[in-house]
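Below, each structure is written out as structure tokens.
Both of the next two complexes hold chain A, though its partner changes from chain B to chain C.
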Partner chain A sequence: MTSLKYRRVNVSDEHHLRNGALKAHSDLKQGSNNLKNGYHVTEKVQKNGNGDSFYQPRVRGEDSFEEAPMYVAVMTYMGYGIVILFGYFRDFLRAVGLEKCHQAQEREEQKDFVPLYQDFENFYKRNLYMRVRDNWNRPICSLPGPVFDVMERVSDDYNWTFRLTGKTIENVINMGSYNYLGFAENNVDFLKTVAEETRQYGVGVCSTRQELGNLSIHEKLERLVAEFLGVESAMAFGMGFATNSMNIPALVGKGCLILSDELNHTSLILGARLSGATIRVFKHNNMQSLEKLLKEAICSGQPRTHRGWKKILIMVEGIYSMEGSLVRLPEILALKKKYKAYLYLDEAHSIGAVGPTGRGVTEHFGVDPNEVDVLMGTFTKSFGATGGYIAGKKELVDYLRSHSHSAVYATAMSPPVVEQIIRAIKCIMGVDGTTEGQRRVRQLSENTRYLRSRLKEMGFIIYGNQDSPVVPLLLYLPGKVGAFSRAMLKRKIGVVVVGFPATPIAEARARFCVSAAHTREMLDKVLQSLDELGDHIRVKFSRHRPSRRQELYNETDFEQDS
Partner chain B sequence: MKHAHAQSRDSVKMAAGQQWVLVEMVQAFYEAPAYHLILEGILILWIIRLLFSKTYKLQERSDLTEKEKEELIEEWQPEPLVPPVSKDHPSLNYDVVTGPPSHKIIVNGKECINFASFNFLGLLDSERVKLKALLSLKKYGVGTCGPRGFYGTFDVHLELEERLAKFMRTEEAIIYSYGFATIASAIPAYSKRGDIIFVDEAACFSIQKGLQASRSFVKHFKHNDMEDLERLLKEQEIEDQKNPRKARVIRRFIVVEGLYINTADICPLPDLVKLKYKYKVRIFLEESMSFGVLGEHGRGVTEHFGVNIDDIDLISANMENALASIGGFCCGRSFVIDHQRLSGQGYCFSASLPPMLASAAIEALNIMEEDPGIFRVLQDKCKHVHKALQGTPGLKVVGEPLAPALHLQLENSTGSRTNDLKLLRAIVDYSMDRQIALTLARYLEKEERFLPPPSIRVVVTVEQTQEEIERAAQCIREAAVKILK
Partner chain C sequence: MFNVSAVAWIWNYDLSVGIVTSARSAAVSVLRMDMKNMREYVGWLYYQYLLITGIYVLEPWEQSIFNTLLFTMVAMVIYTSYVFVPIHVRLALEFFSELVRGQPESTVALMNSR
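And now, the complex of A and B:
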């Protein structure tokens, strides 16, 4: 009878730094291999227990989720309350004709059809989203690099429609794009091969992989991805979202169980739903919750029939895009082994962005990537292209080649896009003969640490892991969301703000994506603006004390059973 | 007592709003005998007890000890993540194309004439399109590094949307970064749980996935059979009369393809529009195969039939066939289309289309607008191919003469799908050896709701010459004679 012990380690700050980019190579050799029950997180760096294994578990920083003061929550709900009341009032005005309704209307001929939209959804859009609509979908007219040009637009009817003024706001610092390694670039020398492929191939393929759309460069890309990730085989797909939604149904089906993190991306949820498998959700990154579900699932089997589950698939992400938290990979791997489940790891945001050489969370934690059953990732972010991949054992990829929805029904990847990915991966791997890729990986990690630590010093509430280049800054109040984003744009900084329904209703936030292409000057300008603005609109909510949420993770030495 | 009971029961049956029911009940209470009241009192006490007693869970009842649980966990053996795939699985070994998949295509090392890629208008090879893509690449790089909402909206996206809307003569268009995701996201943006979708049996896979994602009630009608559709609509009408309150909130949609990819025939759109207004159902039309193909200006099946495009609630198509780029779009009235900007999952949650691909699509649209004669040429070629393939021994041509992607099916099936596929594959290989590139139409056999019979796809493009078409037809005939005996 095993008793599972989680031992969370309080890691000192200087130790964190040793975990950083290139230095970590030396750490590799020292990392202890103290995997007593399969998933002990090691206490500090110890002497080497098992020297012949390359992959060594590594200490990682904690995810932090500081809680806001109570008054903020109260004010947030009050804010929503006021907006909703106003919404009803204005709907009333619209109904009696005192206010003009700008909304597009149903055709006269179809007025007696069943209404196409439910009222609440429209209420939210009409009365809440419309007030702050100018903060999203801002059109840009340049490369989405570290700075971009935003097209100025104005609204003459309170955000119902926008008119482009023809002016551009130039050189806005881009804190919004997922350009982690700076591969969104238009340097002619770097893009030489991409231009060549465009000249040779054109942009389309006009067929599916299984029919006549399997180009040799697709296969070249797949071999390279597999090599980069250190696994047997890989397959690439034309859209990151569809990589999840069109492949999960090929892996699991009726009689299978999916255990999904509550904060998983929509594409994972859609894929799970399309698969027909039973879905159960565990609390975000909470190993107790996951283990409880695993145990219960195996002991009581499928509902009603109590037949055993055919297979259990745990679905997690490497970096959660709205929280900036990192998956607790070593613990999940241990649970997966103990309960014989399979692991689907979505590295959309983490591939290229974490790990000493940019190989994602497996490398970050010093875990053998072959231990993860399904490695999924996208090319949209770190590689500055588009599409996604699934990698793993050869049997897995062969099965997908013959059964993936995408391979059979969707047009194959565009050749220039393929070449861009090849170019980026080669650069990261250093096979292009330069150290540029590694410089970028290191730079990203430095920039991330710098921005995060400075923001914390300033007293903002910042979510997530210190190594995650996704940096959410909590704004909470709905009124501050719009104000924040507009004021930042005035200071020529483009930020992303998100609120309900993308986040919990009381946790609206701004999100910065750090890039290796950001210079220190840019970050300093952003930080300075944030400092001023944070005081001005009062969003420095941090009280520098450990939150309740964190304590949950820090629970030490609890006995699971016996 | 019986009387009182019956009376109270009757009074309950009556409409609840009537005030005197209460009076009747009080009266009945006085009339009832004592033992009856006692019995009812006990029953009430019992209910209260049940309400306040501790609820138990099924699990707690099972007497599994920790040890037994451990054993169960120990014993449980999952199935392998994926079943093994045999090395010679027909869909595992892909044909490899080296170089561009244009009119001349190199398949498995052999140069062939392409009768398999959906490059209907030959725009894949257009130097103009390539040039525009290159210019765009120089300015924007490749990826957009973000969804449309978060700085992933580029001026070229706005331009492409405007151009598509103008081309199709609709109010608004919205672009997706993946053809498959277009209709698959559009359907669940509108149709939710409880709504009803009437869909053609031959609908393509991305429609099927859209239906599944919507979790709506799906009713299939026989392929292009308007009587069958009307039968279903009538059934629903009767159903609605039973419960008019519910019927007022159930949305209904008909989802059809303009030109079916699986059967290569055209939907009877004018009849559909009539049914639409008769039964008040909205029409979603998938035009991936007909956009840039049918109609005088390539506007698709609405133009082909001269149907007012406003009568169609939503049209979707991909930009991966005629436009020879990547991605897809939906168009229609702003009232309908704009909703997807917040509710289309593949739109909101996916990175936007790389600007160079959008630029290529714009240039392809330019070419289509400048030279509408190209559609005439394509339609003539389609008719030519359709005619040339008639009378191939052992094979039947499935599809309309105007369809740019026909199916060749076996006249007499061997009775097993695997063997049929082997025979057809032999014909494809034979042709490939003689410089004619064809392909089998691929399906996921276990996933398709109505699996189409095995077939060879023959794709017509404007680049194929008279002579090449004759040669291809000749080659297929020879292969059929040789292989099918």
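And now, the complex of A and C:
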């Protein structure tokens, strides 16, 4: 593996009109200093908080992970215990033959072999998941924007098979799609360029990036992504999951150490395992745990030989999608510099969704994006397309162009999708001449704050940071999970509930994804339904319920203010 | 059995809006002999029992089995406590009162006298 020497290079690009107060300067200044939206790119390495006044370290709200009262945990385990007992009873009936087994079974000749369907995962799927399966994979028949149409389906044999009744439930409010900036839309004006580019380039590429599939539109996209993020260079891939799993093996290998957060996504874990490096896990967002691991790693080196590690890579995510918590970026950067490690930041959910102009967690914390070694993100969530990118120094991206599995073996991205990403990024940056992008970013952060504060007031337990648009609402008990989802659908609101394999067994939750396309009326309707349902089902477990809003004409308040 | 009619109510609970949820209004409805609200409240309590024990996800015949078992155990507990607890309490009281009052007397004399 070649050694990666990092040398700063200027980003050469056209001068677009950008939003922000310094529009005039960007057209006049030449040479090494380009002012873009408050980022000052110079030859010297920028330190966090030093030198340029644009890098104001921002105060970060605290993540909340409130614990439920003890009786809730007891009831949760009791509920699971009872349903598992019934699961064993039904398995016994199926084994004896009193009941027909709807699931796949081994053939008669294979009964003496190692059993295929006896592990806990299959048991759970047969006996717990199947009973409430109608809450997932609901068929929809419209665009998944802020509202959508759900097809009604019923089951005659307790969720083993479904049939569609033919009716459609219309205008269901969509609280589950990752539609943070509302780009999942069907507006003819916005999509004109996409239609033009499709006519020009076609739909399929039929080749990999390294052979015949490197189109000029791909290069345009990568330059635009690098400019959007404020880094030197970027590369785009066709699939977000594959961006992680196929590029981490290209960056690290045997003899390297990966320090990965407890709650990292499966794609990161898969990429780490495929690379062959040693993996150590630190507690979620816990800097003491990370520092301990770093110290140990540097002091003792590799496991048996005690040689130094070739590379230490810290893998974290911008927003964790199941918890809604933000990464502690300034602390991690400080640790990284102290112990000379590299940082891989996966901004799948946070790009476009946090930060005053939608540039992600680096902007949210006021940190120079060039300090993060590998910036990764996806176009699936905030940009309404598919695919992922990796951005960073030019040497890194050039290396990945020749050594990444995706570049060599995977088909290139399809031109309409690329054009959709280009138009979405241009909209957010304001390059297309409107303020629509910035309006959406602001609307998203307003909606997030409104929803989170109202839910906390009502007394629900909400996890995560106050600025993250992912809002998990804890339900805990297995019975309430199914009841909650069905009742919300009856009230014409579509929610996503998550249970055991994706979350710890005692912490089942409903996850809301706020969108910039949600209007205040939609959020009010959702909040009102949640209020009623929370009382009816009894999921308002929070013990820190803040006091009711004070009356407007309370004299003592005025005295304090003046 | 009781369960069969209750099962038909379950799906209604998921969408009923004006359900009686506070104990205070339930107590008021009992006082006023308001049968409809009372029945709704009892139905809501049964719904909570289904949710908390996790029985809500099971098929109706499994719910019947569980309810039968639970009812049987509760009935046995009530029977045992009704029949045997007074006897045990009386014996215990006699034992301790003899200990306190008649120190020289032996326990053998106490038992022979009964």
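Here is the rule we use: the second predicted complex is superposed on the first by the 476 of 562 C-alpha atoms of A that agree within 3 Å, B and C clash if a C-alpha of one lies under 4 Å from a C-alpha of the other, contacts with A are read in each partner's own complex, and residues count from 1 in each chain.
Convention: a contact is a pair of C-beta atoms (placed from the backbone, for glycine too) under 8 Å apart; a residue touches a chain by one contact, two chains touch by 3 or more.
If you're wondering where the values come from, they're calculated on a predicted model, not measured in any experiment.
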Quiz item: Does chain B (first) or chain C (second) touch A:Ile82, or do both, or does neither?
Solution: second
Quiz item: Does the superposition put A:Glu532 against chain B (first), chain C (second), both, or neither?
Solution: second
Exercise. Please indicate which partner A:Tyr158 is in contact with in the superposed arrangement: first for chain B, second for chain C, both, or neither.
Key: second
Exercise. Pick one for A:Leu335: touches chain B only (first), chain C only (second), both, or neither.
Key: neither
Quiz item: Looking at chain A, which partner touches more of its residues: chain C or chain B?
Solution: B
Quiz item: Can A:Gly479 be said to touch chain B (first), chain C (second), both, or neither?
Solution: second
Quiz item: After lining up the shared chain so the two structures overlap, which partner does A:Val132 touch, if you call chain B first and chain C second: first, second, both or neither?
Solution: second
Quiz item: Residues of chain C touching chain A in their complex?
Solution: 13-17, 19, 21, 44, 48, 50-59, 62, 66
Quiz item: Where on chain A does chain B make contact in their complex?
Solution: 1, 104-107, 109-110, 112-118, 121, 125, 129, 136-145, 148, 151, 174, 176-179, 183-186, 188, 191, 194-195, 198-216, 219, 238-242, 245-246, 249, 251, 265-267, 270, 273-274, 295-296, 298-300, 308-313, 338-342, 373-374, 378-381, 383-386, 395-396, 398-403, 405-411, 413-417, 420, 494, 496, 561-562
Quiz item: So in the complex, which bits of chain B are touching chain A?
Solution: 58-59, 62, 64, 66-67, 69-70, 72-73, 76-85, 89, 91-92, 94-102, 105, 107, 114, 116-119, 123-126, 129-130, 133-134, 137-146, 148-155, 157-158, 177-181, 190, 192, 204-206, 209, 212-213, 247-252, 277, 280-282, 310, 318, 320-321, 323-326, 333-336, 338-339, 341-343, 345-346, 348-351, 353-354, 356-357, 360, 437, 439-444, 447, 457
Quiz item: Which residues of chain A touch chain C in the complex?
Solution: 75, 78-80, 82-83, 86, 89, 128, 131-132, 158, 477-480, 482-483, 486-487, 490-491, 532, 535-538
